[in-house]
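You will see two complexes here that share chain A, one where it goes with chain B and one where it goes with chain C.
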Partner chain A sequence: MIGAVAVLLLLLATEPTKPSEAALCGLGGLCGQSVPQEDKVAPLTRDLESAEVRKIYHAVSDLASLGEAALPAIEKRAQAAQGRTRDYLNLAADEIRSARLTTGVPPLQRLSMKSSDRNVVELLGDLRAKTGVALSLENLMGEEKLPEVPVDVRDVTMLEAFDAICRAGNVTVTMENGQFMLYQGDYQEMPRFFYDHYFFRLGNFVLLRTVDFRKPAVQSFKLQMEMLWDPAAAPCKFNPPVVVEALDDKGKNLIPPPPPPKKEPPKPVEPKPPGEAEEVEAESTSFLQLLPPSPAAEKLTVLRGYSTIGLPRTKVSLSFAEEPKKGERKEAAPPEKPQDPAAEPAPSPLDGMQRKSGDFTVKIVKVESGLFRITCEVSSATLKVEDIGKMPFLASVTLKGAEPTRSYVSLWSMKDTVAEVMISFQPLHLKEILVKAGDDRPVPPAPVEKIELSIVTAVQERKIPFEFRDVKIK
Partner chain B sequence: MTIVTALLFALVQGEPPAPPLEPRVAAYALQLRDEATRERARDRLVHLGKPALACLEKLEIDPAILGSIRQEVVFNEGLGASYGPPRTFSFDGADESLGVLLSKLESGAGMTFQKNSLDLSQKLSVRLDDASFWEALDEVCRKAAIWYYPATDPLYLNGGMASIKPRAYYGPVMIVMDRLIQQRKVNFDKIESDYLIRLMCVWERHVAPLGPTGKVHLTAVTDDKGVSLIPAQRPAVPLRPPLQVRVAGQAVDITGLLSPSSDARKLARVEGTLELEFPARIDEVRVEIQGENPSATREIDGAVVELRSFAPQSTWGAAAEFSIRFKDPKEVTGFRIGATDVEFVAPGDNRRPGWIGSTSKDNDKGTFTFTAHWRNNGGRQDLPKEIRLRIPRGSVIKNVPFCYRDVELK
Partner chain C sequence: MKPLAAVLMLLLATEPTKPSETSLGGLGGLCGQSYAQEDRRVPELLAKLDDDSIEVRAAAAVALIDLGKPALPSLKRLVPSAGVELKDRLNEIIRKIQDRDRLSSLLPPPSRISIDAKDRPLREVFEKLSKQTSTPIDYSQVPEDAKVTVTLDRVPLWKALDRICRASGRVMPEVENDHVVITPETYVELPGKITDLFCVTLQRLELSTEVVFGSPDRYDRFNATFHVSWEKGARPYHVTAHIAELVDESGSELVAAGEDAESVLMSSIAPDMIRQDFTLDSPHGPGPQALKISKLKVEIEFEFPLKYAEVKLDVSTGKVPAASSCAEFDVRLSRLERTEGALTASLVMVPHGPLEGEITGESVVLRDKSGKEYPAIVTEGTPGNESETPYQLTFPSAPEHQEFTEIQIRIPTEVHRERLDVELKDLNLK
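Right after this comes the complex of A and B.
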């Protein structure tokens, strides 16, 4: 007996902790230590029954990070479980299955921050240094001295820390074109939910009762919900959120009944190729349509569901950078002269550069550093221009001196055979001190050094859960 | 065949001669004494105009009511051709086919209905006495289960169920209570509540207002629990900028009201007046069309009207582009043009209203530009030889009363 315990302890001590190692064990079947996996799954499963939402979803996240090796144990427990616990276990299993099919999404890290003597700009600067999150702090840099704000967060996701800092420093966060925008003041206390690289917040709810004298009065209850994300894990596509549980404090179920089946026979649906997601049907801000709560209800005790997003599964990436001429000796660059803002900027050496990868050809039409945009033409040997236009694009733009930027790509126009896309970027000024320059002269734009454009050729769907408890409605 | 004969017979017969004025006025004067009939009687007396006023002054009626009628008659006279009494209809309750009844309404009001899926041969018994066009149309539609949306030109009559939206009639104007919307918005930092009553104001074809201003003066909004929905301080509602085209009917939202009691089943009374804007005067301009690229300039008081172009558009019609330059640029701000302001005159005095395709205004230069389209009847037809414009100038506000009782909230 003692020997068995000793072996078990040894196995536990040697149990791989990193998801990649866990995946290797699961795939190769070399470890085969189902007992230790079960032991890891069991306490986390108990956490799923917690009354604390944050604890529950940390447990889901931790279960998912156990990787493929833990999948049989999680599936087995899901079969035996009921209600919410079963949903959470299925979610963790889904997370494990979809993790191997996405590309370019960084693993989640948790962090801790404690400070009482730094201002909000310094704190956000620390956060981006720790996590690499693409934040532009330009809007927050005023001439007046910012107050020091206390922050103490432990074992939180980047977004939880980010929100805590913004709350302490009274900074409003919005998301535009997949990038965070920060504004001084007006931080609003809205119900929030954090999960992985994503967070949801409820904007408002509207209870509407309409009498139009044509049919019985209609009541509707709509909740506005916004999804925000770490730009490093930006979704390519959104599907409308699905609510799986909504109850008010009087016990009324607020989920609308399914619509009656249509009389017309359903049209045959063409099977989609594996990995191809549904068409874009929603945006990051959506409305949850529910039944109106009981008249005496004062809060929603639970509002739970998920939003399905599309993440890159496969992509074709093309890099553009100035190539050093052969035989040319690299000499020390002469000191730069201050650039006249009114002067015509010199053409970029990347202008006209063309790259081919697989079926795709991308040409840099024009780099306009002063306007922070790059025009590209994308064509394909096999796809029509309309199909290229439907594909998600990702871009990474690096400025001179390896200065990073945040960027987004939008479809600009479609010509005969080429889709014209526009890359817009904003320097992050990571290497500069976090103080605004004293003079009002605009900073001259830095030349673009490197562009990487990715064409997402297939997306992997992933369910991102949300859960709010005790949402006051009166 | 029977329907066609009946229609022809009705048209040949023409409208019956109007009953003598004095007994009508006397009958309405009597109705002024009864609260249930007072509002309608006053409406009719006002719209019988000056001749009725002379008769009324000979009768013994409340001087305050007489004074108010006199005041409104004079006011209405001042609106000129933009306003007029309602077209009235009387039916004696004898069985009549739907087709005949509708054609009487069409010829009386000078408009054509678009009739969709109607059994025009069905017999109806309609009894009406001196009813306005809208009252008469609603009664026929109620009996024949016809639904129509009142703010289209032409009116589309559809078989089905008659609308039960509450209606208020006043002279040639009808104000329909289109919907009631109770909204409660919780922003998690503040709560916004609003109760909205949406009215739709329409008028007979011979009446040509600029449109409702959007302002409503409420005297009573109460639910059946006796609670008033008018707050002590009703927030000022920013007015919508006026449309550049005068259209057949427009919605007016009454916002900023309190919500009815939670157990209220009806709005007991909704009463007030709605501001309807009329032109202070109409300037008429006639432009003869000559040559292939006609252009012309006409000067009127305080403005210059220019026909910039008139060009055929394939086989179906032609388009005329006009520009009106006001000497006082402020005048362009509230200027509106409507289809009834443009009349194309083809050879043989064949007159046809235009429809407004596009408008634009330059507030700095005080210029209003619009395109009016002429569409022929189909087939080969000569182009118009003349365009007549009615340019509405200035603004006069007429307060149109409305009153709804026992509006169901279900």
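Right after this comes the complex of A and C.
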């Protein structure tokens, strides 16, 4: 790990101290415009005092999208503000500072959708076309005709629209390996919060009394919170969420007091390189530990905090595609013969292909289209295999005919100097009609045309806020 | 008066006044009580065996079993003249007493602690206690300045430990896997039950409510973690336990008596273990706001093997041996080889009828020429057909160049079951 940390620190040190002009405009900044920033910041700051959570966080998002030019005005207002408003302004300022350091995260779009004559698959297909979100709709397609469902959303994020469609069409959403999984039925009315490319929902709560007969009984209150995201803005690291405000309707503060300082003398700590943070492994589903609410409490009036995630800051990307042979003229492909799915698939031309970029060498060991997986070997000239194994990986797999897939990468094994990683992918069938074929014959797997594997060499932390109001507990 | 009573009057007159000394050391025997008192109880208990109340009859049966061998002559005399139901009951009691007696000859005798200390250092008292039991006791953490006054006369180990700690007030007995540790902390009486053989303590209760957002249901769960301890060498083969009754503060039966509650089974208890933990769950709890539990009854059953069936497979040639059988089962090896350094084998067992036990790690042992034994790790495979059970055996400690002679497979065919009811009332949850 130390090796990997050293690389990350090196990258941190070489970061340009002054953001480039391009980066300043990256967040939809108002480059070249002469409207005083204060005039734009002032009305949005007023929105931060709204009673409507959605309006507040849209205002935070809009403040962040003003970019670096608005930073002094936002910081000035934050200094003068108090309480939540100051927190929201500081969050907007943090967003501006961190945005210039992240890479590959698409800018946030808001959209509107209104329909009363389309079914849930058609609506999600439309959302996919509008936003490019990687959704596989296969689970929702059946032989029965789906009912038309009404949807009317305005000026919403992709995830807000997605949730509204799923709610209208009674579709359950889960997230597995960073990809959305959709199932017909059982949509649960969970408390939800949307911010930017991220979506939090509260799953359940457990109130527990533990009696050990040796000391007074202890009560605890634990809320399960799950974070979902647009796969295009997937975090590669999670830190446990932090709750900054939690009150029940009887006015009880539910934030646990800090643990008492340990009486033992502090143990000598090995000096760490500057900037190295404590590593805390966390998951996208976490538990918020709070004090138990008052016995008569019926709801939590507010539950506010943030979750710090890591986003790719720098990455090494290696691309694998079949190169046309010299002198070969590209002709229209002959019509494909129907393939027997049971037949042994032909080896992929990408098998054995090797690419090098910087320190890293990646070899495609085997493409198994029928199993929707690709095995790769990653090695480094300077890093130990254990350190490679700890680095986040990203992948993009394109099938024949430029058919996109959704994909994720997992570490498979580590041997000697090579980390074996497995890319799993699922075709999105964007070009097919959204109706299942009448027969049950399996669709033959399409050959893999292009693979892009990225090794994240440095991550940028970003605080993603959450705020729930009036959460019923009785 | 029922006809039984007349028989009892006769028995009362002919009952021997003093039971034999050996029977007192039996399992669960009421050692330390006066013999004459036990004798007087026999006819009373026998009379209660014909009572109209199930509870009275059951309690009388338990008490008679606890009396052990001294009650046998009276019970046996009563059998020929008893009606069908009573005869069954008497025979069951006689069988259990005899099983206990057989078991007491297989297990080490329970420790009896005698100490007379007046304001003596606590460490010195534990040192004396340690010399009277084979169960290891670590008292190194006992405060050096702690003193105690306590008198014990042939008191069973667990009761002795509890009485010393209680008298001191400054230490608690903690049972680790294979020894007892006396820890320096204020003595607290834990809910539980101590018998001559076993110490059962309720360590922790968890009362929870889970609510899934978007669902109208609430799930009130209850779980109780117990420790059960026995003396070194008196390890049971299996322990099963279940909640027999759970009543909340308002008198509502959350688990009703007679309800089929899920049992937990603890098996593969290592030979040197003296403690086993188990957690009993109920999907119906009083909720985390509850401040008291009116009643929690737990039934624990300990199984001790009395008899084994055994086969030996000759592995002296280093090749797959011929099948072997005994009256209760056949076994055959289909493979015997070294896999990644460890000696492994595939074994198939075909029982001739229902067996009390199954093949576990302690059922299988590999022997070398010198008689040295090598234990096995046993994993049950997927049965190919109903009558055969396949197992994979691994002998991780069997050296590579050793000459082995046999694999012995031993399964209990007769088991004594010892039941212990633990009834806890008015548990304070504050």
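Rule of thumb we're sticking to: the second predicted complex is superposed on the first by the 420 of 474 C-alpha atoms of A that agree within 3 Å, B and C clash if a C-alpha of one lies under 4 Å from a C-alpha of the other, contacts with A are read in each partner's own complex, and residues count from 1 in each chain.
In this section, a residue touches a chain if its C-beta (ideal position, glycine included) is under 8 Å from a C-beta of that chain, and two chains touch if they have at least 3 such contacts.
Quick caveat: nothing in here was measured; it's all calculated off a predicted structure.
Novice: After the overlay on chain A, what do you see for chain B versus chain C, clash or fit?
Specialist: Aligned on chain A, chain C clashes with chain B.
Novice: Which holds for A:213: it touches chain B only (first), chain C only (second), both, or neither?
Specialist: both
Novice: Contacts for A:321 in the overlay, against chain B (first) and chain C (second): which applies, first, second, both or neither?
Specialist: So A:321 meets neither chain B nor chain C here.
Novice: Between chain B (first) and chain C (second), which, if any, makes contact with A:189: first, second, both or neither?
Specialist: both
Novice: Which partner does A:473 contact after superposing on A: first (chain B), second (chain C), both, neither?
Specialist: So A:473 meets both chain B and chain C here.
Novice: Among 80-88, 332-340 or 368-376, which stretch of chain C shows C-alpha clashes with chain B in the combined arrangement?
Specialist: 368-376
Novice: Same chain A residues contacting chain B and chain C, which ones?
Specialist: 188-191, 202-214, 216-217, 295, 473
Novice: Across the complex, what residues on chain A touch chain B?
Specialist: Chain A reaches chain B through residues 188-191, 202-214, 216-217, 295, 472-474.
Novice: Show me the residue ranges of chain B that touch chain A in the complex, using the header's touch definition.
Specialist: By the definition above, chain B touches chain A via 163-166, 177-189, 191, 262, 408-410.
Novice: Using the touch definition from the top, list the residues of chain A that touch chain C in their complex.
Specialist: 188-191, 202-214, 216-217, 219, 292, 295, 471, 473
Novice: In the complex formed with chain A, which residues of chain C make contact?
Specialist: Within the complex, chain C contacts chain A at residues 185, 188, 190-191, 202-215, 288-290, 427, 429-430.
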